[in-house]
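Once you scroll down, you'll see the structures, which are given as structure tokens.
After this come two complexes, each holding chain A, first together with chain B and then together with chain C.
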Partner chain A sequence: MKLTIEKDVLLEALQKVQSIVGQRSTLPILSNVLLKTEGETVSLTTTDMEVCVKTSAAAEIAEQGGTTLPARRFFNICRELPAGQVEIEVDVKDVATIRCGPSFFKLVGLTEEDFPPLPEFEESAVYTIDQNVFKEMLQKVSYASSTDETRYILNGSLLSFKDEKLTVVATDGRRLALVEQEVEFSEDAQASLVVPTKTLNELIKTLGEEGLLRIRVSAAQVAFDFDRILIISKLIEGTYPNFQQVIPAQCEERIAIDRETLLNAVRRVSLLTDDQTASIRLTFGKNKLELVTNSPEIGEARETIPVKYEGKEISIAFNPGFLMAPLRHLDSDEIFFELSDELSPGVIKTGVPFLYVLMPIRVS
Partner chain B sequence: MAAIRVHSRLKIFRTWAKAANVPPMNQHIQMLPDHVINKIAAGEVIERPASVMKELVENAIDAGATQVDVEVVQGGMQLIAVSDNGSGMNRDDALLSIERHATSKIRTAEEVEAVATLGFRGEALSSISAVSRFTLITRPAAELSGTQIQISGGKLQDVADAGCPPGTRFEVRNLFFNVPARRKFLRTEATELAQIRQLFAVYALAHPETGLTFTSDGREVYNLPGGSSLADRITALYSPGFLSHLRRLDFTADGVKVSGFAGLPQTGRSDRSDQYVFINGRPASAPVIHHALNEAYHAVLARGRYPSAFLFIETPPAQVDVNVHPAKKEVRFRHPAAVRDAVIAAVQKALTLEAPEEERRTPAFKFDAPRPAPRVEKQHELNIAVQRGKGAEEQRHKDQEMAPEIPAPQSETGNRQSAVSNPQSAPWKWCRVLGQAGGLYAVLETEEGIVLMDPQAAHERVLFEKFMHDLTAGKPLRQGLLTPEAIELMPADAEALRRHLPVLDEMGFGISAFGQDTFLVDALPVHLQNGSPIVILSGIARALEKSGAAARATREALRETVAQSACRTSIKAKDNLSTAAIERLVEDLAKTEMPYTCPHGRPTLIFTSFTELNRKFGKS
Partner chain C sequence: MPAKTILHIDMDAFFAAVEVHDHPELMGLPVVIGSPPDKRGVVSTCSYEARKFGIHSAMPSRTAFKLCSHAVFLPPNMKRYHEISEQIMEVFRHFTPLVEPLSCDEAFLDVTGARYLFGDGPAIARKIKAAVLEKTGLTCSVGVASNMFLAKIASDLNKPDGLTIVPDSEKGIAAFLAPLPVKRMWGAGRKTQAILEAHHIRTIGDLQTVAPAKLAAWVGESAAASFRRLAFGIDDRELATASEEKSISNEITFDEDQRDAKVVEAALLDLADKVGMRLRRAGFYATTAQIKLRWKDFSTITRQRRLDPPCCDDITLRETALELFRKEALHSPVRLIGFGVSGLRLTADAPQLDLFQSPEKKTSTRREALSRAVDRIRAKFGRKSIQRGSNLNEN
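Then we have the complex of A and B:
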């Protein structure tokens, strides 16, 4: 294999695929990126056996072929190369010679035959959605998924294509984030799938600002095609819990709050909490919201922000991390906080169909 | 005849029998001759060769010797010889010393109450000489010639002048030659030798000021110089690194002084053979002390594991009764509670490692804060570090913009200043995270050596203490769950859980019985909220069930049981922790009271000192 490629093009392509490469994988081949010429392009593929990312870049191909190179090291080399043409030549022993201007590297690779083949894909449904729209949906929701491995079904987000809309839901059992978007798809393409958080993070990182995204679903896998990228991921099998039942039908009070004001206040006040077990108390009084944290070893923080509120006084405690997460990932200026009492869940809503249910912290 | 069954009447009968000086012909009960009495007494005092050595070494030390040499042949079954350079005896004393209840150590009954010497009962020599071929050679420093006495099976064979150095030498040959029953009960030579060595170690520890040698079958096993400290003795008897696993004890309260050393929890073993207790310098023990040790290590050692301990307990002699057991193995305290409290307090003080005063006064600024360990030649490292640092900065920035909750891809940058300073109460003054080994263990460097840390165990310890701390502060917070989770348990577990619902409720669990063996969980203590309810609660239920959850267990003990198992189940091993995460854990762990083990007693830290490394690498 022999090819010449623009440094920036190669770097961009590598950037898209290198992040899922395992650092301490048990299979050495999984630390490598597969390079393969395909006509006038070279394709780059990485996988951790759960997610597979493939992209391609235009290159001058002098000799067809393929190899695998240590991804992290190859990426680091490319990052440091001067701008210009990079010449890559691979010998039969999979040793790559990389030349660029005055630089010269010999990088030892592994044979492409050992690289796991791309999974066969038989889609049962195909959806098309705007890249940016999908990315924003994921950003607003995916952080709420669980990392507890014993609840594997919650280690991802639910993508539900139903009733002419896509609903994305993530929960860890203490808070739940949900966003909806109208999407066109055929009646018989209704489906629900749970996509691992790792895949979604990869998507958030690589999805672009414009252009369409094609989502293909098979029995156990999902594929995302966009730009020159293909991401194939395993699906989490199982039944996602019925999320509808945790969304309160109605709350007694609804308060509009400036999103950034609230986020900044929570962030400041939570400086005086102990990360893992933190709680912040929100007290809604007449036209004001008071935020207080208090821990005997650290100290006390207090901040009052003006809100329009005429209802009954409500004092409720939340995990500040859980409270800040949606505020940070939303983009609207104003959010609506819906509450009933200190024992019932709080709900954060915005103008767009977004909803975040958060269970309070109680004192025993 | 019934009268003599009454104990008080026995004396009268004896007096009568003696005065009459006639053997009571037609009576079934007879006074035993002295040599029989001695044999019986020997059974109590002399069980095996080791007990002979014990008595003889005690005598030597009581005689003010500064050098004691012990020699055994064939595990002491052929010969036990103990020589000392103590005060020695003149001929009269020497002859008297082998009579029963002849002693130089006490005179009156009152003195029994306040014995300060090791021996005092006056039984030892007569007992030993009754069951062996016994030679005593002794000379007081002031006299020109010494005395040699030979006794065989309790019968005086020979008394003669002898030339000898000042001091006393006992030779005990063919132990139990005239008591075949006893001899049959002796174990193999190796076992008897091991017993003697173990006992020798006890006296070596009790008297570091006395020089001791031990020779077995002509081979010198120990040569311990006199005038040493306890620390020297421990080093000499154990491996050189052992001392670094011990913490010095120093505590006095209510007239009870506790000194010596207590082992870090990792010294725990499955029996008590590394626990040495000395009461007023006498190797002895009392159940109360073992209970106290158990209690002191309760939260750091697993049940059935016993830490090393070298406890020296000093109380006024009148406060302790040593005359409980002929071999003086066990003593009784007048105020056991005071002793118990003192031992617990001493051990806890040593383990929690309050930094000494002067360390606390160290200024916050340190000039020689350690730099990251260079991985390659220095110049190269510098070069790369600058560029990588920039990359990391960008990466961090990007992460913050995009999705701060997504775990940042672990950057390999080594450019962080990753030294964590812990001026107070930490197991180290400073420590630096070097990395992670095997994708699991964190490798740290401290001022004294290398520490391997199990992040999972460390995390358990941190969580456990935070949890317990919040419980005692009385403000357990509970995080509600979106949907109550139904969990079903095995009947026995379910029963255990059901019985303790009130305690669990106090601790922040929202659990309600839901018929049969099913429970509904609608809230978890905030500390455990990242775990899964079913895993945590089935763990707790099993722990409660297993501990028998004694109905009499205190609320505190129950809480600990619950917290221990809850912390274990709510924490999972995570590979590839970021350096920042390890640093935070190290900092948190340093703040805990018992940083050395997880709540179940597994070690969190394994320390290897530079001294030990140097030794292993052959650098002195």
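Then we have the complex of A and C:
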């Protein structure tokens, strides 16, 4: 294999695929990126056996072929190269010679034959959605998924294509984020799938601001096609919990709060929570909200902010991290906080079809 | 049910009652325990018959003799009283491990957890009174309340052989306290009483109505705050139990070192059951389970596992015990096997509430209900009245 490629083009392509490469993978080949010439382009593929990312870049191909190179080192080399043309030549023993201006590298690779083949993909449904719309949906909810491997089904987000809309849900069992978007698809393409958080993070990183995204679903996998990128991911098998039942049908009180004011107040007050029982108490009174935390060993923090509220006084405690997460990922100026009492879930809503259900912390 | 159920148990004229019990011929006579009437010294305890003549504890024995010259004066036999005291405390500990003895003849019991097993506060109080009477032939007076202060006041109201139950509601508590004299309150000594008396405060009810600022001016800020809390029956102290339980464990040394894994397993399961029962009786949930194995050569290992969610049921404890045991290779005969739990908490629930009830939590709740039902059957009909099928061939 022999090719010449613009340094910036190569770097951009590597950036898209290198982040899923494991640092301590059990199979050495999984630390490598697969390079393969395809006509006038070179494709780059990485996988951790769960997620597979493939992209391609325009190159001047002098000799067709393929190899795999240690992804992290190849990326680091590429990042440090001066601007200009990069010449890559690979011999039969998969040793790559990389030349760029005055720089010269010999990088030892592994044969492409050992690289896991792209998964076979038999799609049963196809959806199309704007890249930026899908990216925003993921940003608004995916942080709420669980990292606790004992509840594996919650280690991803639910994508439900149903009733002419896409609903994305993530929960870790204590809080739940949900966002909806109207999407066109045929009646027989109704489906729900649970996509691993790792895959969604890749998407958030690589999805662009414009252009379409094609989502293809098979029995055990999902593929995302956009621009020159293909991401294929395993789905999480199992039954996603019935999230509808934990969304309160109606709350007793509704409070309008400026999002940034609340976020900043929670951030400041949470500086004095102790790690053991991270909780801050929110007391809603007439047109004001008082945030308090105190612990005998650390001290006390207190802040009062204006809100729009005329209802009964409610005092409720939340984990500050859980409270800040949706506020960080929303962009509306004002949010609505719906509450009933100190042991019932709180709900954060905005003008758009988004909601966040948060269970309180019991304080004696 | 109130958040907590506390009993205060006070033996009736303890020393005198022991003497009368040991010497039935004294029955019905005024009995005074303390210094002889011709020596300096005071009355330690006297029977209710002697109290009718005006004799009371701490009174000089000479004075007592003047009041009732035909009273029987006996020197205290402390060794004997402590012996009986031990029996009484043992009865208490059968109902709950949370016992705070105040002296040899009175104690506080936190029976909050024991309610699952023995019924509500009054029911437990009746059971304890019956058990003490059966074991020692003596009577006691019990106060049942939601805190220590109220329980202590209550036990003293209907002596001897009394049972006083303080209402649970705020209103009920205030009404219960209102007619009582101020001196019943802790911290209200003679000096304070005199000050309050000067302002016509005689009952706790008077104290409930006086303005906090006035009270503070009379007795000082901190005493006023404390009196106001007590006047409304507020007291959130925890019992100072001698050995606050941080772990519960049990172990057994085999008569002969055991090679047979089945025999060791059977012993381990039996220990797990016993520990489980103690755990539930104490009203705790464990977050860690541990086994202990001592080999023939006395080398010892322990292996532990986290319990999530925290639990107190036999099934989970047995499963965990077996799982830990079966991971170990029996490379030499076993001398001792032990099982214990630690990280004890009063609730199985974390402060952060959950959106969904996890399947583990559901199972754990069902298992707990089952284990507690078995406990109740055993409490009523004896330990062997209900057993696992797998245990039957041992018996």
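Note that in this section the second predicted complex is superposed on the first by the 361 of 364 C-alpha atoms of A that agree within 3 Å, B and C clash if a C-alpha of one lies under 4 Å from a C-alpha of the other, contacts with A are read in each partner's own complex, and residues count from 1 in each chain.
In this text, a contact is a pair of C-beta atoms (placed from the backbone, for glycine too) under 8 Å apart; a residue touches a chain by one contact, two chains touch by 3 or more.
Remember, it's a predicted structure, so these values are computed and weren't measured experimentally.
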Key: Fit or clash - chain C, chain B, common chain A   = clash
Ask   = Does the superposition put A:Thr171 against chain B (first), chain C (second), both, or neither?
value = both
Message = Contact-wise, after the overlay, does A:Ser279 reach chain B, chain C, both or neither (first, second, both, neither)?
response = both
Message = Quick check for you: in the superposed arrangement, does A:Gln139 touch first (chain B), second (chain C), both or neither?
response = first
Ask   = With the two structures laid over each other on chain A, which partner does A:Asn201 touch: chain B (first), chain C (second), both, or neither?
value = first
Task = Could you tell me if A:Pro360 is touching chain B, chain C, both of them or neither one (first, second, both, neither)?
result = both
Query = Is A:Arg328 contacted by the first partner chain B, the second partner chain C, both or neither?
reply = first
Query = So, A:Lys93: does it touch chain B (first), chain C (second), both, or neither?
reply = neither
Query = Which of the two partners, first being chain B and second being chain C, lies in contact with A:Lys308: first, second, both, or neither?
reply = neither
Inquiry  = Under the stated touch criterion, which partner chain does A:Arg151 make contact with: chain B (first), chain C (second), both, or neither?
reply    = both
Note = Larger residue footprint on chain A, choosing between chain B and chain C, goes to B
Request  = From the options 73-81, 253-261 or 361-369, pick the one stretch of chain C whose C-alpha atoms clash with chain B.
outcome  = 361-369
Ask   = Which chain A residues come up in both lists, the one for chain B and the one for chain C?
value = 151, 171, 173-176, 241, 246, 277, 279, 319, 343, 345, 357, 359-363
Inquiry  = Which stretch or stretches of chain C touch chain A in the complex?
reply    = 349, 351-356, 358
Inquiry  = Quick check: in the complex, which residue numbers of chain A touch chain C?
reply    = 151, 171, 173-176, 241, 246, 277, 279, 319, 343, 345, 357, 359-363
Request  = Can you check the complex and tell me which residues of chain A touch chain B?
outcome  = 19, 23-24, 72, 79-80, 139, 142-143, 147-151, 171, 173-176, 201, 204-205, 241, 245-246, 274, 276-279, 296, 317, 319, 325, 328-329, 343, 345, 357, 359-364
Ask   = Quick one: in the complex, what on chain B touches chain A?
value = 387, 391, 402-406, 409-410, 412, 439, 463, 466, 470, 473, 475-483, 485, 505-508, 523, 526-527, 529-532, 534-535, 572, 575-576
